[in-house]
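For reference, chains read A, B, C, D, E and F in written order, and residue numbers begin at 1 within each chain.
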Amino acid sequence: MFIQIDNLLAVEEVQAIAEIARQVRFVDGRRSNPHNTSKVTEIADADDPLSQKASQVALAALQRNEQARNFVFPRRMAMPTLARYGVGMKYGAHTDAAFLPIGMQPLRSDVSCTLFISDPKDYEGGELNIFLGSETLSIKGKPGSAVFYPSTTVHEVAPVTSGERLVIIGFIESQIPDQMQRDLLYTLREVRALEGLKMDWRNQIQLEYVITNLQRMWSK
Amino acid sequence: MFIQIDNLLAVEEVQAIAEIARQVRFVDGRRSNPHNTSKVTEIADADDPLSQKASQVALAALQRNEQARNFVFPRRMAMPTLARYGVGMKYGAHTDAAFLPIGMQPLRSDVSCTLFISDPKDYEGGELNIFLGSETLSIKGKPGSAVFYPSTTVHEVAPVTSGERLVIIGFIESQIPDQMQRDLLYTLREVRALEGLKMDWRNQIQLEYVITNLQRMWSK
Amino acid sequence: MFIQIDNLLAVEEVQAIAEIARQVRFVDGRRSNPHNTSKVTEIADADDPLSQKASQVALAALQRNEQARNFVFPRRMAMPTLARYGVGMKYGAHTDAAFLPIGMQPLRSDVSCTLFISDPKDYEGGELNIFLGSETLSIKGKPGSAVFYPSTTVHEVAPVTSGERLVIIGFIESQIPDQMQRDLLYTLREVRALEGLKMDWRNQIQLEYVITNLQRMWSK
Amino acid sequence: MFIQIDNLLAVEEVQAIAEIARQVRFVDGRRSNPHNTSKVTEIADADDPLSQKASQVALAALQRNEQARNFVFPRRMAMPTLARYGVGMKYGAHTDAAFLPIGMQPLRSDVSCTLFISDPKDYEGGELNIFLGSETLSIKGKPGSAVFYPSTTVHEVAPVTSGERLVIIGFIESQIPDQMQRDLLYTLREVRALEGLKMDWRNQIQLEYVITNLQRMWSK
Amino acid sequence: MFIQIDNLLAVEEVQAIAEIARQVRFVDGRRSNPHNTSKVTEIADADDPLSQKASQVALAALQRNEQARNFVFPRRMAMPTLARYGVGMKYGAHTDAAFLPIGMQPLRSDVSCTLFISDPKDYEGGELNIFLGSETLSIKGKPGSAVFYPSTTVHEVAPVTSGERLVIIGFIESQIPDQMQRDLLYTLREVRALEGLKMDWRNQIQLEYVITNLQRMWSK
Amino acid sequence: MFIQIDNLLAVEEVQAIAEIARQVRFVDGRRSNPHNTSKVTEIADADDPLSQKASQVALAALQRNEQARNFVFPRRMAMPTLARYGVGMKYGAHTDAAFLPIGMQPLRSDVSCTLFISDPKDYEGGELNIFLGSETLSIKGKPGSAVFYPSTTVHEVAPVTSGERLVIIGFIESQIPDQMQRDLLYTLREVRALEGLKMDWRNQIQLEYVITNLQRMWSK
């Protein structure tokens, strides 16, 4: 399942990150995937304090957003990374790695997210294309918006043909790794949030009984 | 989980089965479990047409009861059996067999049920005791009532010390063999039955989405 | 996962079904879902021999198509149904039922399919919209093409605003009910089909070892 | 499954906790579940050193009890809490939360336990009622005894109608979260403990083979 | 897991099948796997009544053997096939097909078996080699013996370098498809068979409780 | 599955450990399994710095070996232990413990390994026998070699009848605890390593899609 959330970053945060992007040192994006010749992009150098500041702003925004938390059931999150796609840059079709070597214990990437910094009017190409068999979802979000999608999908960033595409990318380990289970539990909790208070209290308890036990069963 | 349903058999059906019990040929209940020395009871001879009639009445009652169907998710049911516990008879602690050799394909017993024919005022002892670790549920139902319980439990029929205990026993293979999953799905469908029509139609669809997919996932 | 297959029906088959649609008796589509007020469509009367002929043509086409078989791992298929959406007709957002009452044993619907008879140029609206959280796949296939999608999704047929939309709908029980597992196995078998003969024979055997064991593990 | 263990707390420990209850600062029990209007009880203030002492005594008793360890397969335990139910107090039907926000990683509550401090002769009402569908287990333990039950159940504390009910409540994450698997493994290990040494050594090894592999399979 | 059973076929049955092998019509073994160039063997023509007689003898022997039934938990069995490996014949490394197209519903092959007809002194080569990573089990059974092994393994028949190797091969669908689960349940039932009667009756019931519930859980 | 890896320890490392074995303090091997009367062996005293040095050499060798890493998917490893079997010593049939009490969180032993220090020509008996039902794998490795096998198996060290058997034993928790799943993923990654670069890039991506998602699904 997919969710686009508008204004996950406030306008000032988008501007701050865009400003950082003008000053930060960028390095070859292949640094993190040296063998992937289809990855032609630049990422902010993690050693540059400006890069770290952009990541911190994005991380805080991701953590404070209630809709994102409800949808993702986050357990751990990798430090988000600022990426730049200039003209001709792209990231060919790929699956995100199952595990990222972070800290003491590798982080399993269950949900990936892209935070859009550039305005889609300011660049051509650069769509995030998610392949679902013969069908394709094509996403180009507004500045400050974020899209969350299963790390399990094959997806690409199409070549940028004009302008510049700035995004921040994140990888999240979920308490509920199976995407169908995660979506069913998210949906049931949304139903409770919207309808629960109108229900007879006995039915509220019964619904709570189902939700807490699905959460126990499916968390890993 | 456990459910007692009153009046699963109509008064006339209870009387008809009690009348059959006075005439039918009973045989040693160990016929179906020859090695179980703790089983001291009698069952109506399956070859006696009277026995078959009692079974048919019980089967029809089990199949027409909506609450039972909702709780059990029945796929197949063994032919119910009329059993008689006279004074001193009992069925020691045991687990119901996992599979019964019925027809072409063995029937997995997921849910067991007891239909009470005798009035509990007319016999002493004879409780259906279901052991849950250090705790015990002790059940002695009204004539015409039925209790459904997981075949997975250890349970006994306590010795009858006076009067006569007539019951019909049944074994059911469920579409949802795991008892926790079966109970969660039953509960969620009860919530829908009681609250669904009051909900915004979008939330009804979302709840339906969860229910149909849990049913797909959990049926075996 | 989703797959669109062109020319699943031959041109003559499309014409034959379109001709049947002009003569067959149509009945209210709600006959199969009486409580669904959002279903406003017509289905060919299953008692009309012409209806049965259309279903047979579609069934044969579905069964002979190798790509469909590889993608779906079909075990059983419900008889396909010819449906007609005139102006104003629609089928609101819904999930397909988990089980259809067919024959001795209910059929679990794992994969749904729509075979397109009408030319999309001949009607407006009538898109098959599949909801994936905040994103939507919108499909309007060429005559003779088919789309296969998980029965687990919420989807709708948008209102037809001009012309007529004729489709045949089908529900399939898969040997591999979990859609992620089904897609991984389909993908791995496609890789073998395309690359297997070029491999060292030892690696072919190893790949076969993985495929046969995944198929054993995941079939239900 | 359920287990009641007598004398989990020694007589002096019960007395020490009862003495603490006379002096410690109690706060509204809803502090930990602010939205639960059916929770009308008091808990010892976690910031009061006396409260911490009571918790420590209970924790040590829980950790040293072999029968409890065998039954629960504990991995982590939340700090136990002293609770007081005066006249009119109660805790309406509820399910325990799936996760408690403790330390770096939330604690999944698989097994709940109640340690009884007050003598049941000294208060009326206040039963711990555990609902199992239409049946109810009703528990009112002796001072120093403890009852362990799956956190997955709906349960309540009935209103106290006279006297005072003092208990300590605990939540435990088990190595074997599924309650049926946990009970099967517990039972098989009990059989080994009681019968193993009488067995032929080859059969001891075979039984050990089953036990260690079930433990590997089912631990999460 | 692996089991060799001696004298699964009686001496007269071995002789009868050997006699049939002298008269029956053999056809290219690739008939059942046309694309497998590493399969160089002959199988008795299923249309020849003599072939059917050999299969019937083997089938009856497999069905009556209690040790085999206990080990395999058979649900369905494909008709066994008489195969002949003359000098130079072999069956290269392969995995048995996951499903065999038999009757209305494909048969999943969980357990494979080889019944040995020829005396190992009468042929050289022709070992059944089962590959377990870097290790190999090499089996050449006595006349009338049978070996049962998981269909999941990669295995081969080594080239026969002198004499003739006659075997009967069978494929069995098990009630417990997972080989580890099947072996644990087999082992636990063996322990009960050897030690159960010596146990306290309460422990017998507890052991039975574990066994029946594992069987319910793991059967598919 | 099983894998023997030659030269996991370099010649000098083998010599260094053999030298340590001549000087280190050995203690009764039952120290770690006090109740196991069939364990008659000696282990290097973990408190002796020489013992620790031998363990460190072995640990480093295990961690640097790529083939071992690919096969085992290691998450954590217990400190390896130097063991000595003199004449008459042995370790009777047993299963390795499911969990070892190491650090804050018990280590689940999924894969066991034996590193051979002594030359098999220098001792008689002392085979590592792994029992697979009626079949046995019997392993006696070259100096510096290692064998990895599932901790789930019953195995023994046969009595040493002459000479001395020095080995280092290790227990590893795997990211993929189920041995069948671990082997399928290992095999598929081997196929990719050997054939991937020859494939069409689209098929490489598809294969990667399968591998990363199996790894997500199966890791625990």
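Here is the rule we use: contacts are C-beta pairs under 8 Å (C-beta built on N, C-alpha and C of every residue); 3 or more make two chains touch, one makes a residue touch a chain.
Since we're looking at a predicted model, the values are computed, not measured.
Over half of the residue-numbered contact pairs of D-F are shared by just one pair in A-F, A-C or D-E, which is A-F. If you compare D-E with E-F, the chain pair joined by more contacting C-beta pairs is D-E.
Measuring from the averaged C-alpha position of chain B to that of chain E gives a distance of 40 Å.
If you average the CA atoms of chain B and of chain D, the two centres end up 32 Å from each other.
Our note on geometry: chain C versus chain F, Cα centroid distance of 51 Å, whole angstroms.
Those residues of chain D in touch with two or more other chains are numbered 152, 178, 180, 206, 209, 213, 217, 220.
By the touch criterion given at the top, residues 180, 184, 187-188, 190-191, 194-195, 198-200, 203, 206-207, 209-210, 213-214, 217 of chain B touch chain A in their complex. Chain B meets chain D in the complex at residues 1-4, 71, 132-135, 137, 139, 152, 178-180, 183. Listed in rising order, the residues of chain C touching chain E in the complex are 201-202, 205-206, 208-209, 212-213, 215-217, 219-220. Against chain D, in their complex, chain F makes its touches with residues 38, 93-99, 108, 110, 151-152, 154, 177-178, 220.
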